[in-house]
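Both complexes below contain chain A, partnered by chain B and then by chain C.
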Partner chain A sequence: MKLTDRIQDNIVVLEPKGKIMGGPDASLLHDKLYELIESDRKKIVIDLAKVEWMNSTGLGILISSYTTLRNNNGELKLANVTDKIQSLLTITKLVSVFDAHDSVEEAVKSFE
Partner chain B sequence: MGKPIIKGDTIKIPSDPEFLSDVDIFLEGTLRGFGAEESVVADIAISVSELVNNAMLHGNQSANDKVVTVSISRGNESVTVTISDEGCGFDPASVPDPLADENLLEEVGRGLFIVKSLMDKVDINPTEKGTTIAITKAI
Partner chain C sequence: MQLELLHTLIFFLTGGFLVFMAITITRDNSTSQANRAFGAMLFFAGLGPLAMALGYVIDPNGSLAPEFLGSPLYALHHIWKFFFPSLLIFSWLFPIDRLSHFHHPRIRYLVFIPQIFHLGMALLYQRLMGLLNLLIESSSDDSFTGMILAPFAWIFQQLMLLVAYVRINDQVIFGLINICYLLTAVYFLETGRRYLTNPRLQSQTRMVTWGMRVGLGLYTLAYASSTFWRSSYADAAGTYLLIGAIIGGGGFLVNAIIRHRFLNVQLFFRQSMINTLISSILVGLYILAAMRSQSILEPIFGAQAEVVSYLFILLILLLFQPISTWIDNVIRSMFMRTRTDYRNIVERFSRQVISVFDPQQLHNSIEEIMKTSLLVDQVYFVIFDDSLGEYAILKSNDQNRRIVIDRQDMMLRGINLLDTPTRYTALSSYQEDSRLAEFLTDKRIRMVLPLKDSENLLGFLALSARSAGYRYTAEDFNLLGVLSNQMVTALTNARLYVDSLERLRLEEEVNMARQIQLDLLPSRPPICPVSIISASSTPSRTVGGDFYDFIPLKDKNRLGIVIADASGKGMPAALMVAQIQAILRSEVNNGNSIKQVLENMNQQVATSTSSEKYVTLFYAELDQTNCILHYANAGHNYPLLIRANGEVELLETGGPIIGAFPNIKYASDSVQLRSNDILFFFTDGLSEAMDTDDVEYGEVRIRRFLVDHRGEEPQAIIDKILADVRRHDPTTPPQDDTTIVTIKMSNGTPQNE
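Right after this comes the complex of A and B.
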């Protein structure tokens, strides 16, 4: 997995790319998240458009991001959830946990 | 054993998550060679990544001298992948229900549940010398 980030309308948009399967992937996203929280950036969108697939480690990273932000008075939104990831969120009932949007623009707007 | 070894339809890797991507490249290449659709390739790749993760961490306890073996075989209309570790075996019934309200926000514990959801058949054979799990999916 590769990870880039950008700012859109004062919201941080994280863009993981590739497959999220474990190993170094978890610490990459986790470290980025703590770096953002420490710099008081606590409204974050994860754009999943370029994630080919993820496994339960990937879901664990999303949950960790969600709870870490919530515990620091922040908020996480998902955008562009692919069919494969949506199917995993549905079978694991995590679809009820995450606030998911069809586009980054919609996700960013939802913070207003 | 310091790095992956591939022989025919089998790959052996050390118990280090760094090598998960080696298994994935080997697996997806083999499945595409079988003519599997991309959605099926992804389902099998997700499942194998779950089971290899489990085999390294829970089976082999991340021990450097223990390996995980992944073998792929093609049937008439299906693919079977077996994943073996060198641990002490486990009781599949002891895995907590990841759908229970109290477990919903747990960061781990969904791997086997996802595998069972994505695959057509899952055979778990735990022994004192290691666990072998065979997963089968129609292609």
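Right after this comes the complex of A and C.
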């Protein structure tokens, strides 16, 4: 997984690319999150458009990112959830937990 | 005539060889005081035989004119006796430096006074006598000058009387002084040896001391014979004894140098010593043979003797080269290939060290080799300790007393920049605020050997000064460079060995965990009056994160069925599974409802593990009286219900995965089962098995397969679908844990609608 980030309308948009799996991916995303929380940027959108695949550990990373932000009074939203990830969220019944949007713009707007 | 020639030859060769050795040893390490003193000693010792050889050359018959015997040129031969004070000074410098404590070390040259006096006396006696006569003559008249000079003349005359007495008895007096010098030197060498702990240094000193003893004994005999037993035989005996003393003493020294690397003389020089020795002996023999041949052949061959003699010389010339090579090889194999030869050190080191895997033992052998072969006084190891994650100083025989070094230590950083053995003084710019530098300075470290593999500093060796004032030479630097490379290999090997032991131990633990996990799975599916049950679980590693279980309930008509999949793989997932299984059984045994069981379980797991650790789980209870399945799905792949007519239903109702978030509410549902219905529970290892193009096996294929095979028995369905999945994804072992539970309702009960 590769991770880039940008700021859109004062909201941080993280763009993971490739497969989200265990190991280094977890610390990569966590380190980024803690760095953002440190700099008081706690409204974050994860753009999943370029994520090909996610295994159970990858889902765990998303969950813990969500929990971490929430525990720090922040908020995590998902954008561009692909069909595969959508079905994963459906099966695990996490659709209700994650606030998922069809585009980054919508996700960013939803913070207002 | 021939005997004199032999004497000349022996004196010349011995003297020449001693002078050659003196120059070699001094040149080899001219900064070392011990080398300089020893060189001077050999140089003067060599002058004696050379002077004697010269004497024979000047006067082969030994009947020197009295004028020559009194001349200053002849007197110069006394200079060889400077050997004795030089030896004395050497014995103060080696093996322990006793002079460094003196405030004025130059005071040692006072020991030359008797010999200088002797030489001066021999050189100037005739002149001084002339001067005395002149003085007496000019003071004997009644003039004013004569009156003034008279007392001086008297004092001078008395002094000269004393000198004359000494001169007559010079052999006795100075011989005695020389013997005293020899005795003192042997005493110092002998007592110095007692302080030595290094075995190689001890053998060096022992050899030198023995040389001195032999020389002392023979010299004393020579002295006694020529002093107290005045005859021409005694003189001859004295001469031979002196020759014996020089050759015997010199032999021990040569042996010490060549065999024990005494004074650290380089290999090149030691070889040239051997060569010189061999060639001089052979040349001597050759000259003798060539000269003798004429006189031996003449009576036999008469007039043709000359021709035969040339043939004889030709033969000797032809044999010279092979004989010298042969002797050279014999001597080399006997003396050079010893423990002190650098080639041998490297060979021995690699043999000893490479095969050692125990780090402690490795440290000990490195230390032993450094001490015996290189005469290093103290060796300190600073090694990166994997278990501590720090660099630690340890003396090899004292593992427990480690001192840990801060990784930011300036000196450590400095050493990290090195690639080759380096003098400690070159690191002086890194000494500030460094605890390591304090330690190294305190231990008088002279040399630092970095131990580096391709990128990391594994540690370094700190060497103190060498024993007996030996210094680190350019040759030593090369050797230490080679040795440190071998040490890196050995350390890496040792580390890998420890790692492999550790891995073996872990593997064994994992195997035990696997056994525990297998024991936790039901050994066989329960026998159920209304249905046939089969199950299978294959972990992708030794242990896995899937599990299924059948739990008998208090209500005997109900059977609990669970399938679950923990996030992740391997040991962490297996531990999670064990926890879930335990919680589930205890919750179920408490008689809680399905909904309650999941809510309690989620609460326990969510609060005890981090949120990225979770389990997807499907729990159901089959009521065998009415064939109703009560269930709840906690984020698990939807189990399939294949009706007898081929319709497929999904068992979705429940709530999110277990363990991710606390305070979750779960819902439960129930479904009426009928005869020949098939329940198919599985984990994502089955549905997500991928072929080489990353295409998943997928739920669609599973559904179609089950519909097609719905007439078969549960075990056959499991075997066939697993085989079909393997065809799709032949990876072995499977990429993910794969678990299936299949239940087929029996004919008849309850009746189809």
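By our rule, the second predicted complex is superposed on the first by the 112 of 112 C-alpha atoms of A that agree within 3 Å, B and C clash if a C-alpha of one lies under 4 Å from a C-alpha of the other, contacts with A are read in each partner's own complex, and residues count from 1 in each chain.
FYI, a contact is a pair of C-beta atoms (placed from the backbone, for glycine too) under 8 Å apart; a residue touches a chain by one contact, two chains touch by 3 or more.
Given the structure is predicted, the values throughout are model-derived calculations rather than measurements.
Chemist: After lining up the shared chain so the two structures overlap, which partner does A:Val97 touch, if you call chain B first and chain C second: first, second, both or neither?
Modeler: Both partners.
Chemist: On the superposed three-chain arrangement, identify whether chain B or chain C touches more chain A residues.
Modeler: B
Chemist: Looking at the overlay, what does A:Gly23 touch: chain B (first), chain C (second), both, or neither?
Modeler: first
Chemist: Just chain B (first), just chain C (second), both, or neither: which does A:Thr4 touch?
Modeler: neither
Chemist: Do chain B and chain C touch any of the same residues on chain A, and if so, which?
Modeler: 22, 53, 55-57, 59-61, 63-64, 66-67, 91-94, 97
Chemist: Within the complex, which stretch of chain A touches chain C?
Modeler: Within the complex, chain A touches chain C at residues 22, 26, 53, 55-57, 59-61, 63-64, 66-67, 91-94, 96-97.
Chemist: Which bits of chain C are touching chain A when the two form their complex?
Modeler: The touching residues are 565, 567-568, 610-614, 616, 633-638, 654-657, 660-661, 684, 694, 736.
Chemist: For chain B, which residues count as touching chain A in their complex?
Modeler: Within the complex, chain B contacts chain A at residues 17-18, 20-21, 24, 39, 42, 45-46, 49-50, 53, 98-99, 104-111, 113-114, 117.
Chemist: For chain A, which residues count as touching chain B in their complex?
Modeler: The contact residues of chain A facing chain B are 19, 21-24, 52-57, 59-61, 63-64, 66-67, 84, 88, 91-94, 97.
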